[in-house]
Structures are given as structure tokens and as C-alpha cells.
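Below are two complexes that have chain A in common, paired first with chain B and then with chain C.
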Partner chain A sequence: MALPERKQSDTDARLAAMTLPEGGCLAEARKAALSRVQTMGLPNRRDEYWKYTRPDTLVQADAPTAAVFDAGEAPMFDEFDRLKVVFVDGVFDAEASDDLSLEGISIERIADICDKDIHWAKDLYGVLEARGQTPVARPLAALNTAFAQDGVVIRVTGTPSKPVNLVYRHGSDSSDAILHHVVRVESGASATILENGPAASRFNKCMEVDVADGGALHLVRAQGRDHERRAATHLFARLGTESVFKAFTLTVNGVLTRNEAVIELTGDDAVAHIAGACVGDGDFHHDDTVFITHDAVNCESRQVFKKVLRNGATGVFQGKILVKEGAQKTDGYQISQSLLLDDDSQFLAKPELEIYADDVACSHGSTSGAIDEEGLFYLRSRGVPTDVAADLLTLAFLAEAVEEIEDDEIAAALVARLEGWLARRR
Partner chain B sequence: MAALDDVQVKEGVDQETVDAVREVGGAYKYGWETDIEMEYAPKGVNPDIVRLISDKNEEPEWMTEWRLQAFERWEKMDEPNWAMVNYPEIDFQDQYYYARPKSMEVKPKSLDEVDPKLLATYEKLGIPLKEQMILAGVEGAEDMPAEGRKVAVDAVFDSVSVGTTFQAELKKAGVIFCSISEAIREHPELVKKYLGSVVPVTDNFYATLNSAVFSDGSFVYVPPGVRCPMELSTYFRINAENTGQFERTLIIADKGSYVSYLEGCTAPQRDTAQLHAAVVEIIIEEDAEVKYSTVQNWYPGDENGKGGIYNFVTKRADCRGDRSKVMWTQVETGSAVTWKYPSCILRGEESQGEFYSIAIANNMQQADTGTKMVHLGKNTKSRIVSKGISAGKAQNTYRGLVSMHPKAKDSRNYTQCDSLLIGDKCGAHTVPYIEVKNNSSRVEHEATTSKVDDDQLFYCRQRGMDEEEAVALVVNGFCKDVLQALPMEFAMEAQQLVAISLEGSVG
Partner chain C sequence: MLEIKNLHVKLEEEDKQILKGVNLTVEAGKVHAIMGPNGSGKSTLSYVLSGRDGYEVTDGEATLAGEDILEMEPEERAAAGIFLAFQYPVEIPGVGNMTFLRTAVNAQRKARGEEELSASDFLKDVRAKAKTLKIDAEMLKRPVNVGFSGGEKKRNEILQMAMLEPKMCILDETDSGLDVDAMKLVSEGVNALRDEGRGFLVITHYQRLLDHIKPDVVHIMADGRIIKTGGPELALEVENNGYADILAEEGV
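The block that comes next holds the complex of A and B.
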């Protein structure tokens, strides 16, 4: 079917401005992805899936500029012992990075595997992304697969002694970065991946995660604080029997963020937790779009999203649990909540369920409202100043999402940052 | 219904519920047809047909023009495809848009002149068109006080209104209750002012088609300060084959008035699907209240999905005045495909909208139904309670919107939608849209169980129930509440459904 005229011309304009990288062993995957983009067309505001978020600036050929912001604080996760993999404006920086060898895990640059004829990642690159294109099209992810400039492929074969930290530094005001990572967790293996930093003025990131039977992956990311940055990220995960995947995202600032998570539970007894906390101020638009498919028996999924919004900030949540026929004993939980600190901010949500199995329990809750007056009064009556009390209640509100992080130390580090930011904004 | 007989139900699902759903999905009781001589307009739809319908209803020029503009618009529109329903493409030119019994060619002056065959049809449906006190078929009605039992009925048969009862008595109270075609002739100033003011001609594909070709329907006007002395009711019957029914209902509740309106519908059992595309507009002024109840029991098609009614309906209430109130109650058991979202525009300050729905889909039925609560005024309140039950190979979707505009300060919404699946071949889906644009409003979509009415919970707990038991009782008790809120006329249908509980619901 031909694309609508406008969509066609926008897609053509973007594609004309890009060249397909020399792919080597990934060439075929890249070509297939390009053809997916051409068939689907890039998103525009008329698409139902983009009802609450305008994709224009993510799609247009020239990336809008964004100033690099010096927060004057140490980068996130600096206090932890981790293996650092640094990208500056979307390009791997070997000097700033640690030595990539670590027991139980192998890390390679996409550029380095391209000239190999046989590589495990070849069977995954773009595969999970392609699977995630139905029933809803995610053209920006296909665009990423086709044109990714850099990225790493990570294979977890044991239990590495420390987390891998992907650090995304923002160097140039006009950078337009596309990164693609592939993560394979082998049977019984387990690892933690940390991600932080604003990455670029405009950032398109895609991560494909394949967790084999009994494997476990924990992903914690903190999206950078640059005020003007824009980001569209996609996380595609496929979970085998008795595997575990937990992801948490903290977002502060950024003029536009769209985080999509597409999770498929394909093995029995698998567990997926996807959580997010965001604090938005002023010209801030944050969109969490989650699609979880239950295609096996006795799996558990949790979606916990909390948004604190003020000064005209917008928070979006589109969450979906799809329980396929036969996926009995599914336990699906979904909660999205917003705390609107003033009258200008808004929360737009679509918490969806699609269920084709009768012996399941799925709950989806969504609430929105102001700070609890009674709680505020209680604290004030005990001598806590109003602004401190408001911060306390805000942190308590975010806590349910932060608690989803498995590692207590990492969770505590994120809470400490949040405390600092809230205090400074009073 | 063989599909349900051997089905394994999930632990915790009430057997009584399964039986009740089976009963509802069993043999369709209203599937017979009336053998009566009919007069049809030529098949298909075009400006000539639009003019012909307008002409048959002896409408003034402005009305014909209004219809023609709608038709012109409709031709440029695309059929919506976002609902979770699948049906073969409808050939809008392969059906009749106007069918009336021959005997209605000269409009009967009173019910006594109406063709006895038509009267017998309604008698058989349990809706006697006599100004009698006692309703046929309702057990215990004899013992009820006479005042509570009077119901005025407007009976619509295919494309025309057969007659309206109790008109004289209503007139004494100042209430106008007649067919819309009569209202266009007799009360053009009211129709002109309000028709299309809630559901604009351009609203959506089916509403626009309805605006062009609606043939009849009901009109209600309740003057300021009047509490309508009896319940009003419209009974829609489709009888003719290959005929679409397009009815239009317009209800105006002026300042401080009150009216309760009921709607029932059935159709004969046929192998080919039939289209029903209605528009209901309700205008509620200051301090007025409207209760609108529907028992939708169109022919649902057979267990293989053959035949049945496609029910594509646009219903909307506009709470224009401050403190105005509307309550939609619907029990949906019929239709092969349902596409229906009774909505509330809460414009007046402190206005209130409520939506209570039980939708039961059996066999191959598909229902995509829900509501929209658009909060525009300050201190507005809305409540949505939707219960969907799927059995056989049916698909049941709740689709809803709650929107708090920036100016709708201090507003409240509470939404709860539960679904129950009976068997593993059916589906239940929920697609809520929530848009909050100010912070003094609270919106809760099926939040935690503790959000169940605290007083009721406390009451149960006080009597020694544990929390879980108490919540279950309060939540499940609701189905019965909806049914009890239904007027007497629907007691028969309601009795069947009383056994339904949502224990063991999936989400």
C-alpha cells in the first residue's frame, strides 16, 4: 500500500540525507531494515501510536541543535566499580573506555565484527527489532538498524564481577547519533548493564536483548540532564524459560524523550520488570511506550512508571499487556502514575490490555493528581517546612518505581541524585 | 450453546455466572418476524433517496437541505477501522434505507387506527402499546403502586414510528414526547436549535450517514422545572430484510427538569447481517437530570457468526448547564458487532456524568464499547463502571476516554473496568485513554482495590468479613446494582443476568 503523501515525502527527505554504512556481515540486516523503513514510512503526528508525542524533530533530516549542559556534578555511577565503555556523540572512544576484557562477558564493537563471516551477533542484529514491528510499527527502530554508526555486541557467558557501564557523552551542539547494541545472555548467565549520559543533541538508540533459558539481565539507565537533547530509544527483549529481565530508567530534563520497550516472554516462568521514574520541568516531554507480549505459561510482567511534572511539562505513558492464546497463568501488572506539581503540566496515558487466555490475572492502574494535601499538612504540623515536605512526598511517590531496581546500592545512588535535584529546584 | 457446555472455567469463576451467560447466549427469543406488507424505497443511498426520505416524512426545506449536506460530507468520509472488530466490508448500496408498513402510508391518528398486526408484534415483545397500567410479562407488576408503573412508549418499526402512548397525559405536564418526524413538523424551532448541536453532522462516518438518512426516532422535551410524570421509552424493532435502521433520538431536559428514558431493541433472526446506525443526542440544562437506560438485544447472529445486526451507534450527552447530570446505563447482550461509546460532555460547572455498562459477548459476537468523559467545567465529576464478559469465540473490548481540560479544575474521575473470560477461545481487551491537563483534578483508572468505596468496605469489615472478602463483595455486588438501576420494563432481561458476578475476572 502506498504511503500517504506527506509521510512519503518526509521519509524520502530523511533517507536522502543518510548513507547506508558498509555493512560486511551485517549488510543484509541493514538492507532489510531499510526496506522496512521504506514500507512503513517514518512516523508523523497523525499516527495513532504517536497521538501524544510529536515525532517531527526525531524524524526531520537535520537534527535540531542542543547545547551541552555542564551539571557541575560527577557523572552518574562514577562511584561504582564498573567496566566503562565510552561513546562521545555516538562514537566509541577507546581512550576514555576501560579495557573491554572481563571474565564471563565479551564486548566487541559493531565495526569490528562486520568483517567477520561468522559471528553470533549476526543472527540477532535487527532480528528482535524486526519481530517487534508487529502489531505496531516502530519505524525509528528500523531506521536505527539500517543506519547505526556504532554500538557494541555483548555476550554474557558467566557472571562478570562488575557491571558494564555504557557512558554516552555529549560533545557537540549539533551531534546526531545512532547507536545499536546487541546483548545475548547465555543460559544460566547473569549480568548488570548501566547506561548514562545525554549522548548527543539527537540520539536514536536501539538495544536488542536475548536472554536464554535461566539467564538474567539487569539494566539501569540514567538519561542525561541536557535540557535541549532529544532521544528516541528502543529496547527489544526476548526472554527464554525461567529467565529474568529487569530494566529501570531515570529521566531528568531533555526537551523530548521517547522510550519504547518491546518485551516478549517466549519461555515458561519468565519474569520481566520494566520501570521508570521521570522528573520533568518546563519544556519537557517524556513518553514511555511499553508493549509486553506473554506467549508462554506462568510468566510474570510488571510495568511501574512514575512521573513528576511541573512548569508545563508533559508526561506520556502508553503501556500494553498482550496475553496470547494459551499463555495461561500469566501475572501481568501495570501501574502508571503522575504527580502534577502545578496546573500547567499534563499527563496523558493509555494503559491497555489485550487478553486471549482465561486463566490469567492482569491489572492496570493509572492515576493522576496533585501532591497529597493531607500528607503535606501532616508533615507541616510536625515542623517540616512546606518545600522540604513537598520534596519528601515527591520522593516517596517515585520510590515505588526506584524500588524495582534489584541492586540496593545503585537504587540508593539514584535516590541521592534525585534528592539533590529536587532540593536545588525549590 | 454447545461451545459453553464443555468449557473448562478458571477456578474462582462463579458457576452461576457461567450458567447465566450460557442462558443469554442460548436461543434468541425475539428472532421471529412479522408478516406484513411493506413499502420500500429503492435500494442504495444517493441524494434522491435522501430527498425521498425527507419527502416521506413531510419535512420542511431546511431539513432536506441539512440532510443533503450531511450526505455530501459522508461521501468524502472513510469508514473507521480502529475498533477491534472484524466484519466483511459493508456494501452501503446493497440495502434499503427506508421501509415502512403499507398500513402506515396514511398516518394513523390514534393508536386505535394502527394495524392490529403491528400492535400484536409489540404485544408479543412484551411492550403493549396500550395506555394500560400493568406491563405484560413482568412478575409482581400487579402489586406495584399504579404511579410507578406508567411508561410512555414510542414504538419504532423499521423506518417509522408506529405510535406513541400517553401523549395527552404528558402534554398536560408540558412534556413533549413524539417521534422525531412529528417534532420536525410540529416543533421546528426546538429541532432547529438542538439537532446536530451535540453530535455535529460531521462527527463520524456513521453519524454523518445517519444525519443524511435517518428516518425516524424519538423526540423528548421536558420544560423547565418539570419532573417527567412517567418513564419514557422507545422500542426499536427491525423487521424488514436487507434494511438498515437509522434512527435519531433527541432529548432536551430544560432547567431543573428530570426524565428517565429507556430504550429496547430486537430484530428477527436472519442469515444476512443488517446495519443499525443510530444517533442519540441529549441536551441537559442547568440543574436538570437525565437517566438513559438501554437494553440492547439485537439479533447477535448464530454460533458460526452468520447474520446479526451491526450496531454502529453514536450517543452523546451535553451537560450544558451547571449542576446538570446524566447517567448512561447499558446492558449489551445482542448484536453481531457493536461499536458504541455513549459519551458525556461535562461543560457546566459541577455537572456529573455516569456510565454503567454490562456487555456480554457470546459465540462469534464482537463488542467494542465504552464511553468518553470530557471534563470542561470546574468541579465536574464522572464515574465509569464497565463489566465485560466474553464467552465462546467472542471478543469484548472496553474503549474509553477520560479527558480533564486545563479549565476543569477540581474535577474527579473514577474508572473501573473488569473483564471476565469464560473459556479459552475468547478475548477481552481494555483500551482506556486518559488525558489530564490540570493538577487539581484527580483521575483514577481502576487504581488499587482500596479505592472501592471506603464506607461500604468499612461496613462489611465491621461485620467480620476480611478485607479481601469485603472488596469482592463490593465489586461484584455492582453488577446487581446496575441491573437494579434498570427500570421495571427491563426486569425480564435483568432477571436473567442477576446471577452474573465478576469473580475471577482477568483484569
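The block that comes next holds the complex of A and C.
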């Protein structure tokens, strides 16, 4: 079917500006992805899935410029013992990175596996992304699979002694980066991946995560604070029997962020938690779009999203739980909440449940509210100044999402950052 | 300590006068009780003194140790030494009780130009004071008042009072929702804080609380004014005969 004229011309314009990288063993996957993009067309504001977020700056051929922001503080996770993998404007920086060898985990650059004929990642690269294109199209993810300049393939075979930290540095005001990572957690293996940094002026990132039976992966990311940066990220995860996947994202600043998570529970007794906290100010626009599919028995999924918005910031949440026929004993939970600090900010939420099994427990809730005046007065009556009291209540609001982080030290580090940011904003 | 002169207060949102000329002086070291029928303005008085929004002072003044408190923000009043034990303590999900206490104690110290308490000094202090109020470590860790029983909430108010060491304590129906044992515990907590330098204003419906916290002076409030002042015997009179006689006598 032909695409609408406008969509066709926008898609053509973007594709004309790009060249398919030399593929090696990933060539076929890239070609297939390109053909998916051509069939679907890139998103525009007429698409239902982009009703609340304008995709034009993510789609247009030239990335809008974004000033590199000096946060004046050490990068997130700096205090942790971790294996650092650094990308600057979307290009791997070997100098800045640690030695990639660590027991229980293998990390390779996509560029390095391309010249191999046989590689385990070949069976995964673009595969989960392609699966995630139905029932809703995610053309920016297909674009990513086709054109990703760099990225790593990570295979977890044991229990590495420290987390892997993917660090995304922003170096140029006009950078336009596409990164694609593939993570395979083998049966019974377990790892933590940390991600942080603004990455580029415009960032398109895709991560495919395949967790085998009994495996576990924890993902914690802090999206960089550069005010003008734009990011579209996709997280595709497939979970085997008794596997665990927990992801948490903290977003502060960024003029446009769209984080999509597509999670498929395919083995019985699997657990998937996905959570996010964001603090937005001014022309900040933040969109969490989540799609969780239960396709096995006795699985648990949890979505917890909290947004603090002020000075006209916009928050979006589109979250869906799909329970397929036969996915009995599903326990699905979804909550999205916003704290609106003024009348100019807005929160747009679209919670959805679609259930084809009859023995399930699924719940969803969404709220928007101002700061609790009763609580504020109570704190002030004890001598706590108004702004400090408001920060305490704001942190308390975000706490439910931050508590989703399994590792207490990492959670505490994020909270400390949040406290600092809130205090300095005063 | 606390001096209230001719205080007139109306609701901000509607044209309704609640306090119609309250005169009251609470001396340091004394416990004053205010009793009165529902709607007489007792709780409004406590809110106005602590600086809650929604009330407009149309006339009169209130000073604490000579300082005009009505112009101050609630946090400034707290730092100056006013403490209100709430009738309905507010639940604050997500804020740990300990964090709340430490933030409050240090904010007040800072406002008064004093050094903040070290973490270990604070901990020692709070543990000792919590123990006398039978507040366990678990309760200190939980979010402020969340899931607390009525008695636990009121004990938590007294713990805050003990930690903040205010000059002027206002207790708004602290006995409501308490069983006999809890009332005894709360009263002991209050009595332990009775001190030459500290004044108390105890608002209550019932004589019962005043058996435990013995007042020096009892006021009867009705229709936005204090209509009668006496000794502890006045509370007994109310307990036995209700307010009707007093109201009639004073022409209210």
C-alpha cells in the first residue's frame, strides 16, 4: 500500500540523506530493516501513536542543533566500580573506555563482528525490533537497525563482578547519533547495565534484550541533562521462563525525549518491571510509551512512571498491557502519575489493557495533581522552609518509581542527584 | 509568652467572621486550657496562630515574646517557637519520619543561626525521646504518619514537640481518637515538657485530658470569644453541667 504523500516525501528525504553501512554478517538484517522503514514510513503527527508527541524533529533529515551543556558535576555513576564503555556523539571511544574483558560477560563492538560470518548476535540483531513492529509500528527503531553507526553486543554468561556502564557523551552541537545494542543473557546468568549521558544533539538508540530461562538483567539509565538534546530510544526485551528484567530510567531536561519499551513475556513465571522518573521544566517534553505482552502463564509485569512537571513542561504516558489467550495467572500492574507544579504544565496519559485470558489480575491507574497543600503546611509548621518542603514532597512523589531500582546504592545515588538538582533549581 | 489582643479573624473565601475579639495571655511556665462547644472558634485560633492559609486577620494582634507573629510565614513562626500539635496529623507518603524530624530540627536551628545537629547527636536524641513515648525504631523509619493508628499519630506529634523544643505549644484536641492508655502516654509526654520557659495552650472538648495535663487556667470559648476564665474547677463545671449554663450566664 502506498504511503500518504507527505509521509512518503518525509521518509524519502530522510533516507536520501543516509547510507546503509557496510553490513558484513548484519547486512541482511540492515536491508530488511530498511525495507520495513520504506513500508511503514517514518512517523508524523497524524499517526495515532504520535498523537501527543511531535516526531518531526526526530524524523527530519538534518538534526536540530543542541548546545553541549556543562552540568558542573561529575557524570552519573562515576562513584561506582564499573566497566565503562564510552561513546562520544555515538562513536565508540576506545581511549576513554575500559578494557572490555570481564569474567562472565563478553562485550564486542558491532563494527568488529560485521566481518565475521558466524556470530551469535546475528540471530538477534534486528530480530526483537522486527517482532516489536506489530501490532504497532515503530519506524524509528527500524531506521535505527538499518543505519546504526555503532553499538555493542553484550553476552552475559555468568555473574560479572561489576556493572557495565554505557556512557554517552555529547561533544558536538550538531551531532546526530544512532546506536544499536544487543544484549543476550544466557540461562541462569545475571548482570546490571548502567547507561548515562546526553549522547548527541539528536540520539536514536535501540537496545534489544533477550533474557534466557532463569536469567536476570537490571538496566538503570540516566538520560543526560543537556537542555536542547533530543532522543528517541527503543528498548525491546524478550523474557524466557523464570527470567527477570528490571529497567529504570531517570530523565532530567532534554527538549524532547521519547522512550519506548516493548516487552514480551514468553516463558512462564517471568518478571518484568519497567519504571521511570522524570523532572521537566519549561519546553521539556517527555514521552514514555510502553507495550507489555503477556504470552505465558504466571508472569508478572509492573509499570511505574512518575513525572514532575513545571513551567509549561509536558509529560506523556502511553502504556499498554496485552494479555494473550492462555496467559493465565498474569499479574499486571501499571501506574502513571504526574505532579504538576503549575497550571501551565500538562500530563497526557493513555493507559490501556487488552486481555484475552480469564484468570488474570491486571490494574492500571493514572493521576495528575498539584503538590499536597496539607502536607506542605504540615512541614512548614515544623519550621521547614516552603521550598525545602516542596522539594521533600517532590522527592517523595518520585520515590515510588525510584524504589523500583533493585540496587539500593544505585537508587541512593540517583536520589542524591535529584536532591542536588532540586535544591539548585531554587 | 503568648499574647493575643482583640483578635478578629474571618474566612478568606467567604464573608464569615470566626473570631470576634479574642483576648488571651499565656505566661511562660503555665498551662492554659481552652474549652468550648463545637464551632466556637477553638481550632481556628490554633490555625491562625500557626499560620495556616485561608484565614484573614481583620483586627487585633498576636505576639510571641513580644514579636508580632501574624506577619510571619508558618516556618518563621515555628523557628520563633510556636508549635501546633495537629488534631489530624497529616500523612506524608514517601518522606521517612526520621528524615522529616531531622529536616525540621535543622531547619529551625539554621533559621535561629545555630549550628545543625550532627547525625549521631540527632540520632541519640531522637531515640531517647522516642523511647519514652513508646515509639519504636520501625515507626521512626516509616513514612510520616502513613499507616499510623490514631494513638501513634498523636504520639508522633508529641515526639516532634519534644525534638523541636518550642516556647509555645498549642495542642489542638490532642485527646481526640485516643484510648485511655494512649491518652496517659501522650499526657506524660506533654508533662515531661512542662518547663518554666514554656507555655501551653491546650484545646479540648473534655475534662478528661485535663485530669492528666493539669491546667493553671481554663478558658471557655464561645462564638469567637473567650467568655469566661477561671481555674481548673471551671473545666469540672463544664464536665458536669455542659456549656448551656455558662453560655446563658454570659449572654451568648
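Quick notes on this structure:
Going forward, the second predicted complex is superposed on the first by the 426 of 426 C-alpha atoms of A that agree within 3 Å, B and C clash if a C-alpha of one lies under 4 Å from a C-alpha of the other, contacts with A are read in each partner's own complex, and residues count from 1 in each chain.
By our rule, a contact is a pair of C-beta atoms (placed from the backbone, for glycine too) under 8 Å apart; a residue touches a chain by one contact, two chains touch by 3 or more.
This structure is a prediction, so every number in the text was calculated from the model and none was measured.
In the superposition on chain A, contact is made by A:381 with chain C only, not with chain B. Once the two complexes are overlaid on the shared chain, A:354 sits against chain B while remaining clear of chain C. Look at A:363: by the touch rule set out above, it reaches chain B but stays clear of chain C. In the superposed three-chain model, the partner touching more residues of chain A is B, compared with the other of chain B and chain C.
Residue contacts after overlaying the shared chain place A:345 against chain B, while chain C stays out of touching range. Of the two partner chains, neither chain B nor chain C is touched by A:67. Of the two partner chains, chain B is the only one touched by A:48; chain C is not. Residues common to the contacts of chain A with chain B and with chain C across the two structures: none. Every residue of chain C that touches chain A in the complex is listed here, in rising order: 50-53, 73-75, 77-79, 83-84, 86, 89-95, 99-100, 103-104, 107-108, 111, 143, 160, 164.
Partner chain C is touched in their complex by these residues of chain A: 372-375, 377-386, 388-389, 392-393, 395-400. Contacts from chain A toward chain B in the complex involve residues 48, 321, 325-326, 328, 332, 338, 340-370.
Here chain B touches chain A in the complex through residues 9-11, 82, 84, 406, 409, 419, 421-448, 506-507, going by the rule given at the top.
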